Amino acid sequence: MANPYVIHPATIVEKIQEAEDINTYRLQLVDEEARRQFRFKAGQFNMVYLFGVGEVAISIVSDPDGPEVLDHTIRTVGRVTKAIADLQPGETLGIRGPFGEGWPLEEAKGRHVVIVTGGLGCAPVVGAIEYIFRRRAQYGSIKILHGVKTPHDLLYRERFDHWRRAPDTEVLLTSDQPDKTWSYHIGVVTELFEHVTNDPAKSIVLMCGPEIMMRLGVPILLRQGIPATAVYVSLERHMECGIGLCGHCQMGPYFLCKDGPVMRYDRVERWLGRTGV
Amino acid sequence: MVTASETNAVLPTADLQRLLDALSAKGYRVIGPMVREGSVVWETIRRVPDLPIGRRDQQEPGRYRVEQTGSSEIFGVVHGPQSLKPFVFAPREPLLQIERSKDGFTTSPILPEPDKVAIIGARACDLAGLAIQDRIFLNDTYRDPYYAARREGLFVIAVNCTRSLQTCFCASMDTGPRAKTGFDLALTEVDDRFLIEAGSEAGRDLLSGLSLPPASEDLAGEATRRIEACARNQVRQLDCSRLPHALYEAHEHPRWDEVAGRCLACTNCTMVCPTCFCHTVEETPDLSHQHSAHPRLWDSCFTQQHGYIHGKNIRPTIKDRYRMWLTHKLASWIDQFGTSGCVGCGRCITWCPVGIDLTEELPALLAPGVQPSIASQQMDNA
Amino acid sequence: MSKPEAQRQRPRLAVFKFASCDGCQLSILNLEEDLLAVGQALDLAYFPEASSDMKAGPYDIALVEGSITTAEDAHRILAVRQQTKVLITIGACATAGGIQALRNWADVEAFKQAVYPSPEYIQSLSTSTPISEHVHVDYELWGCPIDKHQLLRVITDLVVGVQPRLPGDSVCLECKRRGNVCVLVAKGIPCLGPVTRTGCGAICPGMGRDCYGCFGPSEGERKGPGLPPNTASLATRFHRELQLIPAEVVRRFRGINGYVSPFRAESETWGNKA
């Protein structure tokens, strides 16, 4: 069995500045064999490594149908991500992965898909949306709800515009601290939950963002008749190994790096919002 | 089916050196308990007198002492601060050597060199801890190659306990005092004789090489009586029958605040626990940034970094951390691995610098919660 | 970031001394063969203890040893800060006021009268204070003296512009990793390891003696109730089970880092009981 700790070098082929402190890195594995073999599911993550600094868990943003390049959207927040922020195309990062459970895109077939994200939580679902659009006929209606704090926090603007024009697809954006340029809803994303679906029993929800959004938002969805078993949330904890051994990413009985990061809501409901969990 | 004569035998305590020599002859480095700095620690054993003959350990919450008894008892000391854990899950394990190259860098795994280690003096609780760590590192989604390499060369000679410490509660955890599985050989010291039993093919092989007479029924019976008496003498116990759920339900119990007033968040309980497996990975480049090492080190849910998530800590307080530890150890561990994370060795009680005792904490947490009395609040502030 | 050596300009390093014993500066010189590598990675622009070739600022990195005990030094540290990008205190004196901060609980005038034949020549502040009370400090290296390996790791990170890692874990974490026997539990010695910051390699317990807190409080200044270090619980243990009288508990906490807040508060609590 392969050594799960071995890191594969990957070249930065493109760096896209998404916001002042957020960049997307398009990576290509250096080793051709490793590149050919790399397959991932939307919602999975890689451990991204910088020589001399360390590793950090980052979800894969790009389309799982095109695994030869791997996009990672990274906010500059900690020691490793600050060092990564200084890198330019042509420089090298490392990758271990992919790890974890992704979005339930097989199970979602034949259902209406409601995607709810907040802030940088939009990143882990981009690959899922691309996957669904590539198999559009196999899914019902699509509703994308995305909330940001300020208009500056809105990433992937063109992607949202592109999705908005697709058939049987609704995109609702909201900001709770808007400026004059903001032409969409005003408020937090849960305010868009009033009527997310006409057919709750045949809907599935994919959610990613701050835990408070899940804690306050999911009960609204459940009241509309969406079963708790049809709501999936992508969760985040400190991760060092990616393989369920280092112990940091626990939430209750789960290791989010291997049982998650995407978890069915009914399994994690009791742990969300618990202090210190 | 192996016959009794192949699986058990009698070895006079005066002949223990024969066993050590047989292990050495098979290429094993023999490790056993040795007195150092007021405790026993695992050290290389060459001769029987290296063992803590005529000594006993007295353990109580936050206190450990080795005493001279003047007897010729060889395994009178039950245990020291460490179980078998450091031999398989090393406190510091280099994972990769990373070199800068024209393509960025190359990584090479550094697997531990094969080392045949025979450990004499492991207790039933140590074996239970080893079985749990095997489950985590070898039999989960991913197999850890570093643990596997260290585990492969291990030969374990257990010693069944005929004396309980004040801090022992293996009987209530059903992990001891008799070693049931996971050993190659097991010894029970009965005055001037050992009952010696084989628990594996390698153990049977070694035992038959010693050409010892089979144990009498009297000796086997006396060994059993002493082990059973040892179980009965345990003064501590842990009732886990309502776990995991009762502890999940106790998340807001006021007792957490009370114990957090005493807990130092110093990590000692997790460092001595035979089953705690948390670790952190460091990246350590040299000054020229051409070479980097990538070791993993024992970590603990009591550290600040453990609960770190983008710029903040989800477990800032000592209460958060103690609750994380105990809830994981006694409750969520069951959901994760199908077993408690506690083997009843009592090390976390003894080696806690302030003597926090989980066998007191758990019943208090499972009892209906009451607000701490004013007296105990004042004690916390003292 | 992480660029090959040739593409980088060597950062300029300066080492400044305030009220201190020079032991931390000696730790730099004690890097031995690594010192050559440091000299290659950094331009040692100002380091009077090592070289009489003292170049003027500005500096990329300044290592500051010693505490502020005179009005002149209080002024001088402002100038150091002005010409420095990254200011790092090295050692207990610079980081916490040092052993000389014991004067903060005493009458400095009386000391002068008792020690010096002509006390009027001594111009000294009544307190010894850490550098951070005077200027912004970017990173703090604790210890009396500092650990040279930790210093080397910090320099290694800084030369490529990476934020250094300075864990605040307790000494016990490293002590147990090294397989030491706990002196508090096995010998009843009042060891400060459980409330003291790691980084030293747990050398004192490794020699069978107690940690005396020279790396300062674990996790630094206590930022709120219920956070580590739990000095109150350890002090209570010292008093009740290890039978230290309150004055002895005061002395435990009022040592090399006695003036840093968690230790200071604990010694003052027990001082009131003494």
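Here the chain labels run A, B and C in written order, and each chain numbers its own residues starting at 1.
Note that a residue touches a chain if its C-beta (ideal position, glycine included) is under 8 Å from a C-beta of that chain, and two chains touch if they have at least 3 such contacts.
Predicted model, so just to flag it, every value in this text is computed and none were measured.
Among the remaining chains, the Cα-based centre furthest from that of chain B is the centre of A. Relative to the centroid of every protein C-alpha atom shown, the closest chain centre, again from C-alpha atoms, is found for B.
Centroids of chain A and chain C (each the mean of its C-alpha atoms) stand 43 Å apart.
Look at where the CA atoms of chain A average out and do the same for chain B: the two points lie 40 Å apart.
Averaged C-alpha coordinates put the centre of chain B at 36 Å from the centre of chain C.
Multi-chain contact residues of chain A, defined as those touching 2 or more other chains: 51-53, 91.
Listed for chain C are residues 2, 156, 160, 165, each touching two or more other chains.
Multi-chain contact residues, meaning those touching two or more other chains, occur in chain B at positions 100, 282, 285, 289, 305, 317, 319. Interface of chain A with chain B (complex): residues 1, 3-7, 9, 11, 30, 51-55, 75, 77-78, 91-94, 236-238, 240-241, 243-248, 250, 252-253, 255, 258, 270, 274-277. Those residues of chain B that touch chain A in the complex are listed here as 95-96, 98, 100, 103-107, 109, 136-137, 140-145, 244, 248, 251, 277-283, 285, 289, 292, 294, 296, 299, 301, 305-311, 314-315, 317, 319-321, 323-324, 328, 332, 335-336. Across the complex, chain C is touched by residues 36-39, 41, 62-65, 80-82, 86, 91-92, 100, 257, 260-268, 271-272, 282, 284-289, 297-298, 300, 303-305, 316-319, 350-355, 380-382 of chain B. Every residue of chain C that touches chain B in the complex is listed here, in rising order: 2, 4-5, 34, 37-38, 40-41, 152-153, 155-156, 159-160, 165, 167-170, 172-173, 176-188, 191, 193-195, 208, 218-219, 224, 226-230, 232-234, 236-237, 241.
Note for the complex: chain C touches chain A at residues 1-2, 156-157, 160-163, 165.
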